[in-house]
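Notes follow once the structure below has been shown.
Should a chain be cited, it is by its letter among A, B, C and D, assigned in written order, with residues numbered from 1 in that chain.
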Amino acid sequence: MAHLETVVGEIAAEMSARAERGTVASYIPKLAGVPIDQFGIAVTTPDGAVILAGDATVPFSIQSISKVFTLTLALGQIGDELWKRVGKEPSGNPFNSIVQLEHEHGIPRNPFINAGAIAVADAMLSGHQPREALGSILRFIRFVSGDEGVSMDEDVARSEKETGFLNTALANYMRAFGVLQHPVDHVLGVYFHQCAIAMSCEQLALAGRYLAFSGRLSPGGPSVVSEERARRIAALMLTCGHYDGSGDFAFRVGLPGKSGVGGGILAIAPGKASIAVWSPGLDRHGNSVLGSLALEHLAKAMRWSVFAG
Amino acid sequence: MAHLETVVGEIAAEMSARAERGTVASYIPKLAGVPIDQFGIAVTTPDGAVILAGDATVPFSIQSISKVFTLTLALGQIGDELWKRVGKEPSGNPFNSIVQLEHEHGIPRNPFINAGAIAVADAMLSGHQPREALGSILRFIRFVSGDEGVSMDEDVARSEKETGFLNTALANYMRAFGVLQHPVDHVLGVYFHQCAIAMSCEQLALAGRYLAFSGRLSPGGPSVVSEERARRIAALMLTCGHYDGSGDFAFRVGLPGKSGVGGGILAIAPGKASIAVWSPGLDRHGNSVLGSLALEHLAKAMRWSVFAG
Amino acid sequence: MAHLETVVGEIAAEMSARAERGTVASYIPKLAGVPIDQFGIAVTTPDGAVILAGDATVPFSIQSISKVFTLTLALGQIGDELWKRVGKEPSGNPFNSIVQLEHEHGIPRNPFINAGAIAVADAMLSGHQPREALGSILRFIRFVSGDEGVSMDEDVARSEKETGFLNTALANYMRAFGVLQHPVDHVLGVYFHQCAIAMSCEQLALAGRYLAFSGRLSPGGPSVVSEERARRIAALMLTCGHYDGSGDFAFRVGLPGKSGVGGGILAIAPGKASIAVWSPGLDRHGNSVLGSLALEHLAKAMRWSVFAG
Amino acid sequence: MAHLETVVGEIAAEMSARAERGTVASYIPKLAGVPIDQFGIAVTTPDGAVILAGDATVPFSIQSISKVFTLTLALGQIGDELWKRVGKEPSGNPFNSIVQLEHEHGIPRNPFINAGAIAVADAMLSGHQPREALGSILRFIRFVSGDEGVSMDEDVARSEKETGFLNTALANYMRAFGVLQHPVDHVLGVYFHQCAIAMSCEQLALAGRYLAFSGRLSPGGPSVVSEERARRIAALMLTCGHYDGSGDFAFRVGLPGKSGVGGGILAIAPGKASIAVWSPGLDRHGNSVLGSLALEHLAKAMRWSVFAG
């Protein structure tokens, strides 16, 4: 893995030197205050190696990346029933768009747009209180990352709630169509808190292993989900993981990935690596500018694109 | 490859026995008259083997599969300039939708929806007459399939034109925004004819080799496009290749693919195989019912999903 | 006025005999339980006459008709500033549509669609508590109807709130765009209560006099609004008063009017009469079937259409 | 009528002094070249008086005002059958919008948006060749204006056709839905020519008399259409006559009117006057800036608003 270590180090060095970094999310104070000059990367491989560079151990708000984990949990709870309440198609619209939702009678296009993740949060409340659902999310992430230190940032959760008018509109809208089945404030309580989970690149790369290694924490290791489910979640990440920039990310990088407005991206090279990058500056679609670029370089250098022959 | 041959044979046998086959496209007589009980499959591998089963040598109308080849040619002609006139994002709307086009000022979302392919046809006319553009399309497909027998069905082209009000609307609409730069009837002449190309599964699987084998007709063989371009076209096939069923195809099958309303699908297992399937019955999104199912079985049996770890 | 009395009586008789009555609103129990076989009509003329027929003294839920009165009050409070937060154009979409709202950055098309009336309720809260705003609405309606018996139905208000997910979505959506300036639950508290006001045709016809008689309760009588404002509110009623059936109502009836899902319609024959009709059965646009028909007959018989030469 | 003459003269004088005049339509050379500093007004009253001021005898391109006359003719030909192919509701979208058309399966919202007028042109071709339809349009306008000098400007018609990609898109789109029943180029031939009719304010005001005087050229004079039809066309003018500025025009002016991008407006004060104004500068909705303002002043001064009590 000497080659990989070199590549990762070079990418981190190059990213540190970049001037063009996009814009930090500003809708809540805790995100707006994150210094833009940070960049971290962590790569874990099937042999258990974890390669870190830059600010790889600094925790950041994972935001929408949490949608990968709640999707995994909801599928574990209610299985393919979930697909009656949320679709599997790219949205073709900015991530907050409510138009598509009207057109499709309250059924969100996929679990990675906000409306879809809210529907997933609702599914997790079947037979559970919000506190229990949140507990299970946190336990799951701690388990797959092998790190009990993962936590929720209550300040962020509170700010999300105070400014979350659009998400509140989406949730009420889906409730009007009968797509949500629990009280809107319960559902949003779960959603706002899952977005407020803080993790470092190191923790996140470890947490993504089950998606890279056929549903297991390591090849031959403990199983988290079936191989088929891991494949399917990765497929959704590739087609829907970067809001309205998903097609461009697949085109440039060629890896399943999920971004968050905190500036993190979790990317999967099936069979080869679980990768987390973080840099808080975002492009116009809400995806990390340097994070996307670092992944493009990494995938190219390692020939990790899923489309490489 | 004994295993692959067995798998392909079993799939062909199973598909022949299926009752649920969807509906044959009916908007033009030549398509409406195709017997629904046909199924063909062809798989070519890096070693040059071509495995055929069912109706693999029966020619059918490739329709939208032609968009893969014209995209390749247009990129060869004008390079990344093309992306100023057509996007790379999944459309999130039925394939004929004009709404998205209005929203995005006449720039189609991607080259695989009708509007996008019409914009690609326009790009191919830069410095060329329609007849020349059509000649170059046919020459290219004959070259990559290694088969001089590939031809255009003039009856189909004429019917496409006579019934093509929606495509004529799309083309005029883009012309109004200045996205098309040539006379609408020239552009549509190219588009209607490219859709009328007839190929068998065998020819189509051979034609797709350059996308599966890093831009070459075989590993180490003659180069058609750069490795990077082959990867990128495959990425677009995965995110946008099946109209509004693209996400579901990626979820179930996990291979880049492009379907046509003639019932054909060209699918790519990077580094492993170029695959063509054909069965004329379509689902509600316009994709071959048995073709999709056959690819799902094949990808599973061979562990060819690009998302497999 | 002997002729008018005869006409009104004949219309009431004819409506009682009609079989086709549409469907009673069913989204809240109190509305769903209203017997469909009722019909009332009240007409007041400049000379102070009040002609009643059918169930003209039975109170019903005025619902969206209240939007006429809150618009009048909000214009009185903040004047033309209101038009920065709400438009004057017909909506061209079903009355709950959120699409238009997205397209126009949270500014509702007009004050008579739900979103618009919610924006008007927000405007009424400038410097006032919800309780005060509600008090002023009730006082205004009692004043213009000359009837202290007009009241709010708390059961209806509660049901509106419990089922009002779509309106809650709209309000949060506008709040996200900064169009609403007060807490969403305050604004909706006002809105849900104004819809729950109960009035009879008699009370409603009297309440509409200021719109028919140049801003006054009677020609030469006490002024409620300026003549110009009365004209302008009537213009909005004509272009926007019947949701997506406004054009058809203007075409058939030719009078400014405002309908509510309780089955009432307030219509204005400028200079000639203020008219209220009520019958709980609705058409697909949410307008009273018999109410519209009765007004069509009345306008024709009396030559009251504003388009009559 | 001394008062009216004074008012008209004052308005013409005031309009001549106005600096803010909007922008002249620029999509075809013949319109782009019209000097912006012109203003004309003509008013005809039941007694046969015709009051002229400013450039009232200068011919201009009536453009969309022609839609009023073709609607009248199509209703005469096929009656209420027309309403199966075109609606009566305001469009709530910019006048070229194709979105609404998709949403409503190719049925235009009303006869005064472009798509609607194209559908009306199609209706006029039932049993007639384009040349005959055009002949009947011209004969009708000459008859109602009492002026054989009204003509079509072939230069304008040709330019309309050469630049009419959006209208060609709309027509093909409706043809795809089966709403148009004749060859698209026939239908557009009629449409582009009707828009190219040239008239002066004087001619136009005279042509509008049948809408102002209960379907007759003068009270008690020859009947053109039934009283009811005149009323109904006027209702459509009020709700739909000014594209997405219709609500605002009703609010400010309070008269049924139809505008064209040539800068003309035909307005109707039922029973009182037929009015034509012209000034080539347009607002963002495509309506004449000075024309609208002049009508606002005139309606106010004469108390002609249909909403005046």
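Throughout what follows, contacts are C-beta pairs under 8 Å (C-beta built on N, C-alpha and C of every residue); 3 or more make two chains touch, one makes a residue touch a chain.
It should be emphasised that the depicted structure is a prediction, and the values quoted were computed from it without experimental measurement.
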(request) With contacts defined as at the top, give the pair, C-D or A-C, that has more of them. (result) C-D
(message) Same or different interface residues for subunit A and subunit B, judged by whether over half of the residue numbers are used by both?
(response) same
(request) Starting from the mean Cα coordinates of subunit A and subunit C, work out the distance between those two points in Å. (result) 48
(request) Round to the nearest whole Å and give the separation of the Cα centres of subunit C and subunit D. (result) 32
(request) At least two other chains touched by the same residue of subunit A: list those residues. (result) none
(request) For this structure, give each pair of chains that are touching. (result) A-B, A-C, B-D, C-D
(message) Residue numbers of subunit D touching subunit B in their complex, please.
(response) 97-99, 102, 165-166, 168-173, 175-176, 184
(request) State the interface residues of subunit D toward subunit C in the complex, per the touch definition above. (result) 87-93, 100, 109-110, 212-215, 219, 227, 230-232, 234-236, 238-240, 244-248, 250-251, 254, 256, 270-271, 305-309
